[in-house]
Amino acid sequence: MPLPTGAVIGIMMDNLKKRKSVFPISHRKAVKWSQKLEIPEGGETVLYTGSMYQLLPYMLAAVNRMGKMEDSFLGRFVGMGRFFNKMFNVSAIMFRPKRADHRRFRRIIRDIARLLQQAGVEFGYLYKKELYAGALAFDMGADETFVAHARRVHAMLKEQGVRSLITIDPHTTNVLRSVYPTIIDGFDIEVKSYLEVLAANDTLRPVNKVAGEITIHDSCVYARYEDIVEEPRKLLERAGYTVLEPKDNRNLTHCCGGPIESLFPGMAHQIGKKRVRQLKDKNGLGVATMCPICMATLQQAANGDLEIDDIASFLVKAFCEPEEKPIKKKSADENRSEP
Amino acid sequence: MSERRIGVYICYCGGNISDYVDCERVQDAIKHEEGVVVAKTTMFACSDAAQQEMIDDIREQKLDAMVVASCSPTLHLFTFRGVAERAGLNPYLYVQVNLREQCSWAHTDVPEKATEKAVHMVKAGIAKARLTEPLQKTRIDTVPRALVVGAGISGLRAALALSDLGISVYVAEKTDKIGGRVAEMGRMYPHDRRGSELIANLVEEAQKRENVQIYTQAELTEKSGSVGDFTVKLNVKGESIPLNVGAIIVTTGFNSYQPADGEYAYGTDGVLTLPEFKQLLDQCEGDLTYRGKPVGNVSYIYCVGSRGSSQKENPNDYCSRYCCNAAMHASSIAHDLSPGLHQFHLFRDIRTYGKYELLYQEARRKGALFIKFDDDEPPRVEKSNGCFRILVKDVLTNGEELDIESDLVVLVTAMEPRPNQPLNDVLKLPLGLDGFFKEIHPKLRPVETVIDGVFIAGTAQAPRNSAESVASALAATSKSAALLKKGYVELEPLIAVVDKQACTWCDKCVESCPYSAIGKIGSGEKEVAEINAAVCKGCGCCVPACPQGALGVRGYTDRQIRAMIDAMEARNG
Amino acid sequence: MEKGGGAAGEGFRPRILVFSTESISDIGIDLAGSSHMHYPPTAISIPLPCSSGIRPDWILYALGHGFDGVFVAADGTDCPFVPDCTGRTAKLVDQAQNLLRENDIKPERLKMAAVCSVCAESFQKHMKSFFDALKGLGPTRKAG
Amino acid sequence: MAKVNPAFIEKVTASEEFNATECMNCGVCSAVCPVEIDLLPRKLFRYALLGLEDKVLEHTPAIYQCLLCKLCEANCTADVHIAENVRFLRTYISKEVYKL
């Protein structure tokens, strides 16, 4: 039995309305990636994470739970969950992400910021003021919720005097760049993906020698909604890698299945497996993704068979000096859940 | 012994013939045939060298007939007639034998038998050649005037174009109105001007011309003479007017299919044919209303009267080709009148070819819905509670049965040929199976008819839209002008001949002739049949009709046919 | 005048005269040839302008002079001259069959079918089946 | 028997972006769909356009199974905004059915 669609969406939309994000996530967790990078607060140009990378550990946890629920009697309880969620944070209790997941997604944002710094791009960060952009609400057709949220985001950006945004994932890029202008009169904030910013930047040159073949997995949203196709290839090549093109690529890329993960986990998994088979056909060092959803979904589908990582992780090896390892507090159990 | 001097050339066709037919054996078998003075084989009869050799032979050997046994006459009959002409030999003394298509290629499996057959074929060709006679083309001076029958958009446009070329034109319109169907059409694609406006402009222009004369209530009642010089009579409001013209262009237009009573509820108020609907649209200002009431839903049913769909006997098999485009355009106009209108197009296939695809796109963009039905399960129209219910199985949802309420039902009706019986009796133009006038060749001679000097254009010939009609009208104009401007015409001499001795004038031949080419003249003591050389097409229909065997077609005479049969007979030979 | 079918020897190959037409059926027959579609090589044609111009006595003449069958490859509805060509030709064939009967020749020796400009295959079939039928009938022979 | 309901047609076609009338029913979208839902999007839009509300709602799961990946759009010969159209149907359902 599939999950009750209305109830699942309902929980997420309620969260967006009440807690300004689809899954409630603490500010502390959201900004943790930026430690010691000394990024100024605010400014005209800001790096806008849109919380997507930070949300992914929660989504993985949720999907893990719901994937088990999909065909069980538990599925019926999701409907009731919505009722309780309005009063207290059900999703925060139900889905407890793994510490390792938090760490690997934080690492990617950090890599992106370091790449921008290395390229001499001047940018700030809104820290705790930053808000989720609302892509999921828009995709689910919860237009009223989405529009209200978008207005809130826009007002905040204006208040902070932001004129230009550097986004780091396709969904946030698309929503801010292509959807906001259709619902907010006079929306005049420039939105660029960091891939576009870096590709157009001439000062970014490799500092370490890297080599090998990397299979590229285009994001549907980057390729088909935002026409960002050449930039990631250019960057990988500039870094020193050879780009391998899988069967379905560029503007005909094959979806990872991720977008329906929260409603139809089983089906999403099948699509992910299909894509993994295509990617395996042309495999070198690994597969580069440019969307946290793609990365997570494909990694699950590959189940360790294939090295899949965010493009930023590959780029940072060539363009940046290795970072000093952050001091570990004890040897924590990596699979331990943390809220 | 024959006194003829015949040259025979057997072509290898580079192996196409000689690989299966032993050409030397054929040569041996025929070289002693009566009258043969030259018998040769050649690698390619059509090559320049071979042609020159023939010319030399004709001149040096004083040949008076020639046979080339090569490929199909459709390829090289005129080539070798030309060879004869260049050598000073009358081209009608040439005979072609089709060895390639009808012998070597057809019998590649039995070369021995193919060779035997080739011998028979060449012998028959020689027998025919032996009985050839020199013939001359008939030359007739032309009259620089033309008659256009029908004053619709095609006729009027043809008249102006002829006038431009300095050819005087008479236009005969049967009704009392000029402009035909286009005058009633309302807004037209793509310029969005009204049909009546287009017609008014043409008429205004025609009236300025001294060499254009339009007769209304005028019917063509008689035609005699022949290409380049016809004498015709018009009955204009009861008065008979004789005219002398060199060419006739027939643009008599079409009839709109009238559905049978009850066909898709036709006859019920609110079920309209497409032309009726177009008139309704043309009369509406502001919202689309019918009988004073606003229209909310319109359903169109396509292919009514076309493509075998009709509740009448003998349905039209053809696609009327203009109607999909016209319905799309009407739908678009209707939407512009009432943007809130819901329009449902129930179709079998959409054929908006060429640029008309844009109309289809436009209609869809304006919200028109297209519902495909199966040929075997046409929609049903029921009247209930003051509106119509259309019941249709939608092919694209796997046969979901839909129930659509509609205020109006528009039947997208076919174009049909006009029953022009009196005119057909006069002109004797052949009709196609579909009942429209038929051209000689749909691709190569699209506006000419078997009656030389009579051309067809517009929807008298086939269903088509006004742009295509005018294009064909202008084609007919240039064919007419090419004929009349030259000042004379030459006619093929391979026509019927009368053996005056044998003829007893029983007039059986007269009725057998499809072209009224046979008349009567006095010959000494008696009356005999006479062939009008300018009208006869050489079909030979009169030949078997004559009880006396007094008729024959040149090139296919009784003597020639029998001689060929004799020559082919192997058993006694 | 005509002997029975028994006169046909083992090697009997009936000869067929085809009356074809220059602008229609010859085009179809040509197409059979250019497609290398084999038919009995004893079939041989005399082209005319139109099948409605065949004299019935030519048919009788052919059957009296060595041919065992006559096939009229008619214009059919494609005729460029007369719209009712099929009817006209059929009438002539009727007359000719009567003529054959009068002369004690089996009317089955005359066959008519419309052969259009793309009717290569049907022409081939007609030739083969007519050939076989004539084989059964045996040769036509002039008396005496 | 399915009653064609013009009022529903008007509701679903209210968005300027909803351009499913331009669909030519070629089926390429269904052929390339990674989800392999044969219903989507060709037939779904037909139900919507014909005003067959029940049929549309019957296929709610399919409407949410769409990845919005636009692979169909990249292959669409009629430039139908398929993803946006699907999203619009979700909007309709979110509002009218889920009352979100």
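As written, the chains take the letters A, B, C and D, and residue 1 is the first residue of each chain.
Quick note on the criterion: a contact is a pair of C-beta atoms (placed from the backbone, for glycine too) under 8 Å apart; a residue touches a chain by one contact, two chains touch by 3 or more.
Everything numeric here is computed off the predicted structure, so don't read it as measured data.
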Q: Identify the chains adjacent to both chain A and chain D in the sense defined at the top.
A: none
Q: Report the pair of chains linked by the most C-beta pairs in contact.
A: B-C
**Q.** Chain ID, smallest distance between chain and overall C-alpha centroids
**A.** B
Q: Averaged over CA atoms, how far is the centre of chain A from the centre of chain B? Could you give it in whole Å?
A: 70
Q. What is the distance in Å between the mean C-alpha positions of chain A and chain C?
A. 84
Q. If you average the Cα atoms of chain C and of chain D to get two centres, how far apart are those centres in Å?
A. 64
Q. At what distance in angstrom does the C-alpha mean of chain C lie from that of chain B?
A. 29
Q. Connecting every touching chain pair, does the picture come out as line, ring, star, complete or other?
A. line
Q) Which positions of chain B touch chain D when the two form their complex? A) 296-297, 342, 344, 361, 364-369, 371-372, 391, 394, 396-398, 400-405
**Q.** Complex contacts: residues of chain B adjacent to chain C
**A.** 72-74, 98, 100-110, 113-114, 116-117, 120-121, 124, 430-431, 433, 438, 440, 450, 494, 514, 537-544, 549, 553, 556, 558, 561-562, 564-566, 568-572
Q. In their shared complex, at which residues does chain A touch chain D?
A. 2, 5-6, 9-10, 13, 138-145, 220, 224-225, 248, 251-255, 257-260, 263-264, 267, 271, 274-275
Q | Residue ranges of chain D in contact with chain A within the complex | A | 34-35, 60-61, 64-71, 73-75, 87-95, 97-98, 100
Q | Touching residues on chain C, where the partner in the complex is chain B | A | 15, 17, 22, 26-27, 29-34, 36-39, 41-42, 44-50, 52-58, 61-62, 65-67, 77, 80-83, 88, 92, 95
